[in-house]
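Everything on this sheet refers to the single structure shown next.
Order of writing sets the chain letters: A, B, C, D and E. Residues in each chain are counted from 1.
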Amino acid sequence: MAEIVIRNLRKEFGAFTAVKGSSFTIKDGEFFMLLGPSGCGKTTTLRMIAGLELPTSGEILIDGEDVSMRPASQRDIAMVFQMFALYPHLNVRKNIAYPLVSQGVPKAQVAQKVAEVAKILRIDHMLDKPVGGLSGGDRQRVALGRAIVRNPKAFMMDEPLGALDAEFREIMAEELRALHDRMHATTVYVTHDQLEAMQMGDKIVVMNHGVVEQFGTPQDIYDHPATLFVADFIGSPSMNFLRFEGGAQAGAETLMLGDLPMAIPRLQEPAQGALVLGVRPEHVTLSDAAPLRARIEAAEYLGTTQIVTLSTPFGMVKARTSSALSATPGDLTGLAFAAPRLSLFDATTGRAVRTAANAGVDHG
Amino acid sequence: MTAFLSGLFRFRRGPWENLATVLIALGVVMLMQPFFLWAFTYSFFVTLVGTVMFIITSHFPE
Amino acid sequence: MSRKTLAASAALALVWGVQANAQANELTLCWAAWDPANALVELSKDFEAQSGTKMNFEFVPWPNFADRMLNELNSGGQLCDLMIGDSQWIGGAAENGWYLKMNDFFDANGISMDAFVPATVTGYSEWPKNTPNYWSLPAFGDVVGWTYRKDWFERPEIQAAFKEKYGRDLTPPATFAELKEVAEFFQGREIDGKTVYGASIYTERGSEGITMGVMDVLYSFGFKYDNPDKPYDMEGFVNSPGAVEGLEFYKSLYDCCVAPGTSNTYMGEGIDAYKSGQVALQMNFAFTWPGFEVDPNVGGGKTGYLVNPAGPTGDHFAQLGGQGISVVANSDNIDGALAYIKWFSQKDVQDKWWSLGGFSALRAVVEDPGFAASQPYAQTYLDSMAIVKDFWAEPSYASLLQASQARFHDYVVAGNGTAKEALDGLIADWTEVFQDEGKL
Amino acid sequence: MGEGAGPGGIAALGLPWNEIMPNPIDIAAKATPPHLANRVRGLSDRAIAWIFVSPTIFLLLAINIFPLIWTIRLSFTNYAANKPNAEVKWVGIRNYTRILTDEDIWSHMTTTAHFLIWTILLQVIIGFTLAWLINRKFKGNDLLTTLIVIPMMLSPAVVGNFWTFLYQPQIGMVNYIVEFFTGIPASSFSMLGPGGLAPWSIIIVDTWMWTPFVMLICLAGLRSIPDYIYEAAEVDRASKWRQFWTITIPMVLPFLMLAVLFRGIENFKMFDMVNLLTGGGPGSETLLTSIDLKREAFEKWRTGYSSAYAIILFVTIFGLASIYVKALNKVKER
Amino acid sequence: MSAYSVTEPSPLSKWLAAGLVVLYTIITLLPLVWIISTSFKTGPDSISYPPKVFFEPTLEGYVNLFSTRTRPAVSELESLPPPDTWYDEIARRQGTIIVGPSRFGERFLNSVIIGFGSTFLSILLGTMAAYAFSRFKVPLKDDLMFFILSTRMMPPIAVAIPIYLMYRELGLSDTHLGMILLYTGVNISLAVWLLKGFMDEIPREYEDAALIDGYTRFQAFRKVVLPQAATGIASTAIFCLIFAWNEYAFAVLLTSGNAQTAPPFIPTIIGVGGQDWPAVAAGATLFLLPVMIFTILLRKHLLRGITFGAVRK
């Protein structure tokens, strides 16, 4: 198992730059998520780590060793592909055995390893079946089996659940995480699904347009998004943005939202000009007494909770409230925000203003 | 091997088709080999049997 | 001449023209696609003008000629009204009723077979052979002969070299032994900066080439198809010691004196080899000769013509080519076809035929005092036609021919077995064919 | 269109519509007035299916099957097509036994086998290598592919004829090219002559003509392998060499099989090119069975005998063809 | 190095591959180039010994291909008025005079009529059958499809005798119709297999929509399916044409004066005295042109055609 360090990694395809100088470190044994919308450069980053593409510039260190310019076969990593990439002409057993046989592992040992892995993945009953007839989940297990059979330094997973239907995805996500918890193998996992990333990852890197937007634990990223993009991308419904003009000095604990004073985490740097106040729907409470007035536009029933959409002078706001609360469209109400959980962004740069709450968060 | 045999007894398509294919191939080889005249003489019969078998067995259930 | 033609056309119009008009005023003539056929098209324009009949021509290239035409006759097709078919077909054509028997027509119109060169009558018209049953009118006389590079033969340095080597003058060969000597002499010789070779002989496998070539030599070595007293009795005739010697001679000629790679040579390849200056001697049918006279490389007196040389015992024969013109029994315009034949048999038409490059078989033409001088090859043609023999003309000739093709090619070209074995094998094959036919 | 008669309407009833009603159009027709139904229905699907398929079937019956059955019948007789008046006798399987014990025909079969094995081998090796090279997708590979396949589009008869000219030692091109590169004098050997080169000459021409065919099929096979399979193998630490033998070759194999079978079938009945090139010579060195058969049938006119001959060849080809179709379906499933 | 990826071959290997393929292309095209260059040679140049690589081009071969000539005696030739057209002049230079057109034009036209006729018929019947196989439940569908393809494998000689006898009875021997029907019979299997593949790929929904809009099945076929299958039809047509265009065995056996196509004719063009190689080469070149154009046009569909539609694009 290994630590992977990425430094100033850059990749150009002709005139198009897919990755613009990323840097981050994946600790040994971490389940590491590369998250972002499609085309953000996350897959390219993964392929560079795997050695399927060579970087234009920058460094990749696996276990302290610079492997940036080595082909995949010399990096001792394993990979699970989005389409599984099983060898269609081989049966399950041979698929799993392939990496071992490629390295000239003795036959007896191969058989033993394959049996072991098959047992872990609960596919030992289908070892002699051709891979063509397998269900998506079983294919996924075979692909996993092929990856873990070799004890590589790290796993690369390129949207491995993307080809599965919703039901299977859930099950496989749990299995994957359980597997990782048992093996503690360094895993780099690419996904565009923020829920998946939150659910499984130890650490997450959020990328957009080839740039690392934020790097941190799921909680940090959810609670303290470093940029407007991250704030918007993570969470469902996504963070509410209240756009306003204003300013405050470092050390301030309140902010004038229009003419309403609003408590915020203590600022550690000054903020001025076009600002955005970010608040998660679950941190919005409906309170008739609150000064920020809003009108209920719609309510979306979700079982125990409901999403209430309200219009305010600063734009639409969504609130997640208990479904016990009655929300009739057209009614007027007031909104209160949980002050310590608020984020403040500079609207022009899109970056979060440093406050007491997000002080410990890496700003990418 | 046992699967093959049981497939044959239960009139399954796969093993029968394979058998027919082997017969056809054998017949063709016999027809064109330069070593034994007797093999040439009986090649047609073997190919014919293989071909007829192929046509019939391709209607067996999978 | 023009008055004569007019009279003839008037007579024709009276006798057949009207009927022909009433039926279908068109005739289709089938022949091989070659030089003489082009000449016939030219010649037939006169007939068209006189009779008002439109002539169509169907010329099939030699390699497919037999296939295609026998197919047509077999299937009772009505494509051809007139057929200039190969001499070998006569047997089958007569027995299967493909051709119209001409005796009555000849008698009625005063056409006498005595007016034609005897060999051509036997070869092209009679079935069974040597009986007065006529199935065609000799149309195009042809025979295997030889051409040689007269210009090379006349060069002093070559003459000197030859004399030095063989102690005699370099003359056109009169016997096969001489021919081989000459061929050996030229083989590999440097002339005008090119390596040249001795002779081009027939070696073609696919249709009838090598059989024509071998037979051309074998006759003069004492080969006979069968016992003159007992038909189809071939033992001792086909494989007589002379025949064996002849076949061995042919192989030795092939081995010593042909240009490399001429293992599938027939008329066309022979022409190519000769015209491109590869060989000093060339075996080929007489029909090719007019072409050499006008060729830029070998024409204009550079080519001499030879009657097939004599064998070791003085026997002297040549392989017959050429065809007679017949009326297809299935034709729907038999009268028109007969009119054409009547027209074709006339002396002045035959004269023109010869002048256009068609080898007339009419004695009045070829025995004319001026004939021998009319072309450089005329005398050679005439002499050759006097010594011709032909291959089987049996209905099963194709099977017989295929057997000889295989046996000869296998021995001469592929070099398998001995001459005796080849001829013994040939008897076995031929016997089988005749047995199948019920003739043995 | 009748109300609620389409698939949606039936589905709304909560019934599996295809089970109870084979065709929505029928329903439409039943639910609408007759004159309208005719417009919608036209003909029933079954009728249309028959109308569409039957001309093809009829043509195939007339051009292929009926003659075939006729051939089978003739093969048990002594019929000769050039003797329409002769008595036709039933001879049982005598024609077959005669052919199958004939050493000459046996040797023609061996000749055919030699031709088959070498053409297929050469075409597969060269064709696959070419496809493999072209699959590197260098600039201009499209143009080169197009140029390479031209020989395949030519008429074999014209090609066979012209190659006799190219093979001519004194005036042909082939020997001079050999002389140019190896120094062996052009006139010292003859491709179509004795000395064992003739069988190779026909193999060369066939390979020249049909390698592009095998190449195209291999190219199809190579392009059917997705890139990610190679990436997976790369990650699985398989060397390029190993990737070639454990991935490329096995995955192209069904396509190669297709090419081999198809070329085998085609060359087994090869006639035009060889007939014009060598006519079976020298001796009988290149006498393929199809040429022999043509001579028996259309030169010697032993119709019954040659029908039996044809049936023997046909059954062999039919057998191979059935394996071919099986392979084809397998490739199709990919 | 910057564009490296595992599936992308290295530039060096690309150069090497390109070099080898170019080499092969040159070798494989040499005979073709030789044929074409021979068509521009004079008769003596074409059989020159040793062969000529550089020569003065002439249209002799083409003139000879399209004309029949006779060779009058030299004296007669000299007495003729000077030639009045360029082709007469070319003929005169060879010591011949043109007496009329040759049969090549006719044979070429026959090839066109029979080739395109049978292609049209194959496509017509093939589209219909393929549509039925693709969309309807046809009893014994698999067997029929196998049967259809297997007929393509049949050696022509196996059915030649009865076809020959049959055509003789029906009067179809040596007729355009007979040859069209025959080639259609051979081609239809390829057409059905290929077109079925193309039609399987056209979503049924389009037709269903058309049916619901009130089209009849037949209208839906004509107005919805056919336009969508157009490229498939085009590529199938080209394959059918290539077969019919080049077919030799049946053409030799069944045709002569009336309906003979070019392939049996070209190899046996006899000039005045021996094989006229420039004319043969000219015939081969002209005959090759349409096919060569098609090859270039259809290169994208080649794969489907030669695998009977098994390969998808």
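FYI, a residue touches a chain if its C-beta (ideal position, glycine included) is under 8 Å from a C-beta of that chain, and two chains touch if they have at least 3 such contacts.
In this text, all values refer to a predicted model and were calculated from it rather than measured experimentally.
Enquirer: Counting one step per pair of touching chains, how few steps separate chain C from chain E?
Expert: 1
Enquirer: Looking at the contacts, which chains touch chain A and chain E alike?
Expert: A chain counts here if it touches both chain A and chain E, which gives D.
Enquirer: What is the chain whose Cα centre is as far as it gets from that of chain E?
Expert: Comparing chain centres, A lies farthest from chain E.
Enquirer: Going by the average position of its CA atoms, which chain sits the greatest distance from chain B?
Expert: Between chain B and every other chain, the largest centroid distance is to A.
Enquirer: Point out which chain occupies the most central position, where each centre is the mean of Cα atoms.
Expert: Smallest centre-to-centre distance to the global C-alpha mean: chain D.
Enquirer: Looking only at C-beta pairs in contact, point me to the busier pair out of D-E and A-D.
Expert: It is D-E, judged by the count of C-beta pairs in contact.
Enquirer: Counting only Cα atoms for the centres, state how far chain A is from chain C in Å.
Expert: Centre separation, chain A to chain C: 94 Å.
Enquirer: In angstrom, rounded to a whole number, how far apart do the mean CA points of chain B and chain D lie?
Expert: Those two chain centres are 21 Å apart.
Enquirer: Take the average of all CA coordinates in chain B, do the same for chain C, and state the distance between these two points in whole angstrom.
Expert: 54
Enquirer: How many angstrom between the C-alpha centroids of chain E and chain B?
Expert: Roughly 38 Å, centre to centre.
Enquirer: Residue numbers in chain D touching 2 or more other chains?
Expert: In chain D, residues 81, 170-172, 231, 234, 276, 298, 318, 320, 322 touch at least two other chains, as defined above.
Enquirer: Multi-chain contacts in chain C: which residues touch at least two other chains?
Expert: 63, 67, 71, 76, 269, 272, 276, 278
Enquirer: By the touch rule stated above, which residues of chain A touch at least two different other chains?
Expert: As it turns out, chain A has residues touching two or more other chains at 51-52, 71-72.
Enquirer: Which residues of chain C touch chain D in the complex?
Expert: Spelled out, the residues of chain C in touch with chain D are 63, 66-67, 70-71, 74, 76, 92, 96, 195, 204-207, 259-264, 269, 272-273, 276, 278, 395-396, 398-399, 402, 406, 409-410, 413-416.
Enquirer: Provide the residue numbers of chain D that touch chain E in the complex, in ascending order.
Expert: For this pair, the touching residues of chain D are 1, 6-7, 24-25, 39-43, 45-46, 48-53, 55-57, 59-60, 62-68, 70-71, 74, 81, 126, 130, 133-134, 136-142, 144-151, 153-158, 160-163, 165-166, 170-173, 176-177, 186, 208, 211-213, 216-217, 219-220, 224, 227, 230-231, 234, 255, 258, 262, 265, 268-269, 271-272, 276, 290, 293-294, 297-298, 303, 306-307, 310-311, 313-314, 317-318, 320-322, 324-325, 328-329, 331-332.
Enquirer: Give the list of chain D residues in touch with chain C in this complex.
Expert: Chain D reaches chain C through residues 81-85, 164, 167-172, 175, 187-194, 198, 275-276, 278-285, 295, 298-302.
Enquirer: For the complex, which residues does chain A have touching chain D?
Expert: Where chain A meets chain D, its residues are 50-52, 71-73, 76-79, 81-83, 85-89, 98-99, 102-103, 146, 150, 156.
Enquirer: In their shared complex, at which residues does chain E touch chain C?
Expert: 44, 47-50, 68-74, 95, 99-100, 103, 164-165, 168, 173-174, 252-253, 256-258, 264-265, 267-270, 272-275, 277
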